[in-house]
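After this come two complexes, each holding chain A, first together with chain B and then together with chain C.
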Partner chain A sequence: MRMSKLRADIQALLYLLPFLVIYILFTIWPMIKGVNMTFYKWTLIRKMKYIGWDNYSRMIHDKDMWAAIGHSVIFVVLTTPTMVILAIVLAMIANRKSRLQRLYRSVFFLPSVLSVAVASFLGLFVFQPYTGLVNSVLHLVNLLPENTEIFWLSETNLSWIAIALITLWWTVGFNFILYLSAMQEIPDEIYEAARLDGANDRQIFFRITFPYLNPITKTITMLQIIASFKVFMQIYIITGGGPLDKTRPIIQLIYQTGFKKNDLGYAATMSYMLFAILLVLSIFQYWLNNRKGANA
Partner chain B sequence: MKKRLSLAATSLLSISLLLTACGGNNAGNANNGSANSGNNGAAATDNANSGNAAANAGGGNAAATDSEEKVNLNFWTLFDGGDGANMQTLVDEFNKSHPNIQVKNTKLVWGEYYTKLITAVGNGNGPDVGISHTSRLPDLIDQGVVTDVDDVAEVAGVDWSTYNQNLLNATIVDGKHYAAPIDTHPFIMFYNKKLLKDAGLLGEDGKPVLEQSADGFMKFLETLKAKLPAKVTPFALSNSNDDPYRLWWSLYSQQGGNDIVSDDLKSAAVDKEKGAKAADYIQKLYTGGYIKKNDPDFYKNFQSGTAAIMMTGVWATGTWESTKGLEFGAMPIPKIFDQEATWGDSHTIILPVTKDNDPAKRKAAIIFADWVATNGQIWAKAGHIPSKPSVLENADYKAMPYRSDYASVASTVKFSKPSTKNWQIRDNASFKILNEVWANKLEPTAAMDKLQDGVQKVLNE
Partner chain C sequence: MKNVYRVVSLLFAFVFVAPVVWMLVVSIKEEGMKIVTVVDWFTPPYSFAVYDQILSATKLSNWVLNSFGVAVCVTVLTVIIAALAAFVLSKLPFRYRSFTFFFVLAGLLVPGEAIIIPLYQVAKDMNLLNSYEGLIIPALASPFAVIVLKSFFDGVPNDLLESVQIDGGGTWRIFRSIMLPLTRPALASMAILTFIGSWNNFLWPFLSLTDDNLFTLPMGIPTLMSSYSEDYVKPMVVNTIASLPIMLLFLIFERQIVKGVSLSGIKG
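And then the complex of A and B:
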């Protein structure tokens, strides 16, 4: 018995080996190499100089880095809850038995198929002053007096709103699809029984639908937090991190440090900082899910 | 046991997921690098023997070598649009007239060009010939990406005195020539003739009626604002980054302001009084309503005929020319302060470091570079000012409108000092701080203090 177990393990390992080799070679090894980089002054042309913990102490005192992390956190706070709540609402709309069901599904999901460049440029067209859709509409309905403009993309707070709205429109479809499929897993009998017992819509949602969606909600929230933390491209295209670097997220700072300032060692150090943050969040999520041992 | 294993596996998996975002860029670059290196490698082996043979045969008899052995050059450029097409024309013409030197033009995306160049050269897979902005040259030299060209220039018989000395001097670092400048692309002023006429500000000669002084230019704008419909922008300019910075640099230099970096390139040396005066003047253009606030696209504004004047680099000339119904003129930016000066940069042809620094290739490369400069009339189509005064006398060049109206600017361009940090100073200090001034969130004098600190910080890093 014991022998065959061992054999089975060896067999499994053999099957896994090709993948394992590639995984170690292209994922684990670069990660170790990356940690190594953080101890060097390392340029694109690979002029390297060992500088010990300098990159780390520089990072601790780097106001720009903390600001950039702050901006990424702002983005996470702005988008995660809205992204989850809106996805549920949209999924509920699309899950209703209605003739428009198919239309809803495609309309809600459609923006997700756009590339980040397309989505961002649409965002620019919508929010830019003088000719943008939002200001034009506001002018049209006289909410905005003539000869005044709202500068969505050049005021810090407004540009956050613009960026968050564009991202929301563009990416909510993915969460929506996850919720929709989860909702369809909930057996109809439960709803029927609830109706027979005289439950109203609100009760049905909070007592049945939402609890059933609990596991998927946790998953979506975590995925969303990680995705939002990694925000870069749409901000880069829409505001370039401005005004005055006030919307520059940590990934953009890493990119600029590595490839524009030619300082790969320090960029790597900041990458591991971001990595540490995401790791802590992931572990926290893992712990949260396993606390009662029930939910997957 | 099992649980721990799965925990380890999950965390490894999530780690790799998290890291992929940061790795993306790297991978992209690496791919491109290797793709290019493939081409290069093939070209290199083709030539390895012939190149060496030529070098050996060359010796004292340098002039003969290029008629004996065929040399293939790999040329990386960062031009797109009209610039890209003009450079391709130049390369084709060169290949036709030089059967023994064949240049292969590889167009890279401008935003990634320098990163790729540096990485490729670092890997030993760089091109034989490349392009660099004059302002970027010191950084490339410092990193060991670019070689000096004095030896090959001598062998190939390049006559440096045929170049505009202002442009040439900006490419000399520590007494050595590092590049052949092919143009300068300074900051100039464009004007809409129709609108100026409407405002009564167009002279008989088709040039603006404008007194060249601080008050004169302000009055000029005031008249435009008063006489033209409210929808017309007197002065189209962006509200951030490059172009207002270029204007600031020009006005700062017009007062004789020192470079913002000291002569030894080690410390910030902002001439605060002059800098503040220039910044204050430009700030008033924004707050006075002469420049449209947060104009989303000031090029389009001018192009569609809703802006009276605009300032940007000479490269816009080609664009305006091909715009139907746009009657425009081009001229040097007004002399607002004491002396004529403007912002400008140059495209130069460089010889990156290669694995063997093959003398035959290097010689062919400098012949090519010098030829491109000599045939600047093709390059000038986009609007650039050719780097050789002789080209300005060329009939083809003279036949092109607008160019001669601003060709004189080449000698008044104020280049920045050969600091290795030029681009970082620009992006991370100058732009950032001056943008705040244009947004009226920072006083010009306070901005100069900040600029001094910002430049110093970049230099220290």
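And then the complex of A and C:
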């Protein structure tokens, strides 16, 4: 009896082994090692000097770090509500019965399969003055007078708008599909009953569709906040964090500190700040979900 | 009212395809041509000359292959490794099962971006920088995949497993001939999500690669772009070559991809 229990344990361990080895080596171990790194002045060629809590006190007073966190927050604020609303709108379009239904579905998700570099460079060219697609179209429909140009990428506020629009275009497809599949689960009879009662489109949306989507909206919102907080690559390609570091997000600062300024210890310290923020958001998301589960 | 819906819908569709169409059109223009208005899209001449030039003079085709190769390896291995672990957590009773489950669950809370600096150091100590192994191996243990697959495995009734046991089949046979076939849609969805994730992965290749023979697309494209400044034809050819294979795959596997993504709602 005892023997067979031991055998079951060994068997289970064998199945788990590939996962656990890689998980411990490349997730758990770096997590622990990183904490250790924060107490050192640590360079790329691994010259280490113990400095205690210095990295932490330096971080608390680091204006650049707080600014970078602020930029990540700006990006979250710009993209989260727009992402959710746009996803609902697109899902409503693709959920309406029409001959183009399938086309809409493909078209709205298509940008999501592009590599981040392609999406970002495409966006970069689209927002270029003189030759970019956006300004050309604005000229064409006379929204922008001849001989004037919008310099999207050289002014902080405009570059935020450009970055947010490019990101929306590139990634909204995922949220769109989550909404679309949630909408398809709403039973037709509910709509029919509402129509029989004389409800108009707006009432149907706000009284039926939107409340029905409430749980998925919460999920998408939280996932979007977390994902947006981790923004780096599109901004790095589109503005490089400029003008004057005014769009530099926290991950870019961590990267520059570690690899350009050769200060891995301090970069690791800042990444635990990022970790802490994301952890709070994730725990909040779990809490929301479990509450949702309890109510269901 | 119906027409308003239709016009708005078409407008959205136009906004979503326009940049891609623009990319394709500009890529078949002749170099040095000014493409300033939309009208210019439809005026010849067109030419594929720049495609030949880019393909022969740059490592772009290598990078496309690298991106695909890495994504395929990561996808296949991740799904296998996660399925094995999920099977144990779902169907095999052993002593530390609930502890192991929470240990894996905790991994969902660890953001990869936040441990990238120590991961770099770990990979460096293990001599994994600048290698295909270094691109692939650290990505293979996905707690997300394990948790999602476990929830699907939980849905397979235990009676089925017992019938295999009565026939004298061991756990491996249960896994191979019951669990995997019955949960194929979930496995396929997980594969698709993993593939897209790997395809778009930027930060890790960005930090761990310096050898441009190993670059994946997100790494390679920026190095090319910085050398083109005169007009958009070359950059758009680069973008197009990088995108055509994945866009074709998308059009072929669209239904499965859409299913795979809607499954990811489980994440929440």
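Rule of thumb we're sticking to: the second predicted complex is superposed on the first by the 250 of 296 C-alpha atoms of A that agree within 3 Å, B and C clash if a C-alpha of one lies under 4 Å from a C-alpha of the other, contacts with A are read in each partner's own complex, and residues count from 1 in each chain.
We adopt the following convention: contacts are C-beta pairs under 8 Å (C-beta built on N, C-alpha and C of every residue); 3 or more make two chains touch, one makes a residue touch a chain.
Just so it is clear, the structure is predicted and the values come from calculations on it, not from any experiment.
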### Query
Which partner does A:47 reach: the first (chain B), the second (chain C), both, or neither?
first
### Message
Quick check for you: in the superposed arrangement, does A:65 touch first (chain B), second (chain C), both or neither?
### Response
neither
### Task
State whether A:91 touches chain B only (first), chain C only (second), both chains, or neither.
neither
### Partner chain(s) touched by A:178 [first = chain B, second = chain C, both, neither]
second
### Task
Please work out whether A:9 is in contact with chain B alone, chain C alone, both, or neither, and reply first, second, both or neither.
second
### Message
Looking only at chain A, is it chain B or chain C that touches more of its residues?
### Response
C
### Task
Considering only the touch criterion stated at the top, classify A:149 as touching first (chain B), second (chain C), both, or neither.
first
#### Entry: Which of chain B and chain C A:243 touches, first, second, both or neither
first
### Message
Once chain A of both complexes is superposed, is A:253 in touch with chain B (first), chain C (second), both, or neither?
### Response
neither
### Message
Once chain A of both complexes is superposed, is A:261 in touch with chain B (first), chain C (second), both, or neither?
### Response
first
### Task
Would you please give the residues of chain A that touch chain B in one complex and also touch chain C in the other complex?
23, 27-28, 30-31, 34, 46, 130-131, 226, 230, 232, 251, 254-255, 258-259, 271, 274-275, 278-279, 282-283
### Residues of chain C touching chain A in the complex
1, 5-6, 8-10, 12-13, 15-20, 22-23, 34-38, 67, 80-82, 84-85, 87-88, 92-97, 100, 104, 107-111, 113-123, 137-138, 140-141, 143, 146, 171, 175, 196, 199-200, 202-203, 206-207, 217-222, 225, 231-232, 235-236, 239, 242-243, 246-247, 249-251, 254, 257-258, 261-262, 264-265, 267-268
## Note on the structure
In their shared complex, chain B is touched by residues of chain A numbered 23, 27-28, 30-31, 34, 43-47, 124, 128-132, 147, 149, 151, 153-154, 226, 230, 232, 242-245, 251, 254-255, 258-263, 271, 274-275, 278-279, 282-283, 286
### Query
How about chain B: which of its residues touch chain A in the complex?
7, 10-12, 14-19, 21-23, 25, 115, 118-119, 121-122, 143-145, 230, 239-240, 292-296, 423-424, 427-428, 432, 435-436, 439, 461
#### Entry: Interfacial residue positions of chain A with respect to chain C in the complex
5, 8-9, 11-13, 15-16, 18-20, 22-23, 25-31, 33-34, 37, 42, 46, 89-90, 93, 96, 98, 100, 103-118, 121-123, 125-126, 130-131, 133, 136-137, 139-140, 169, 173-174, 177-178, 180-182, 201, 216, 218-220, 222-223, 226, 230, 232-233, 237, 251, 254-255, 258-259, 264, 267-268, 271-272, 274-275, 278-279, 282-283, 285, 289
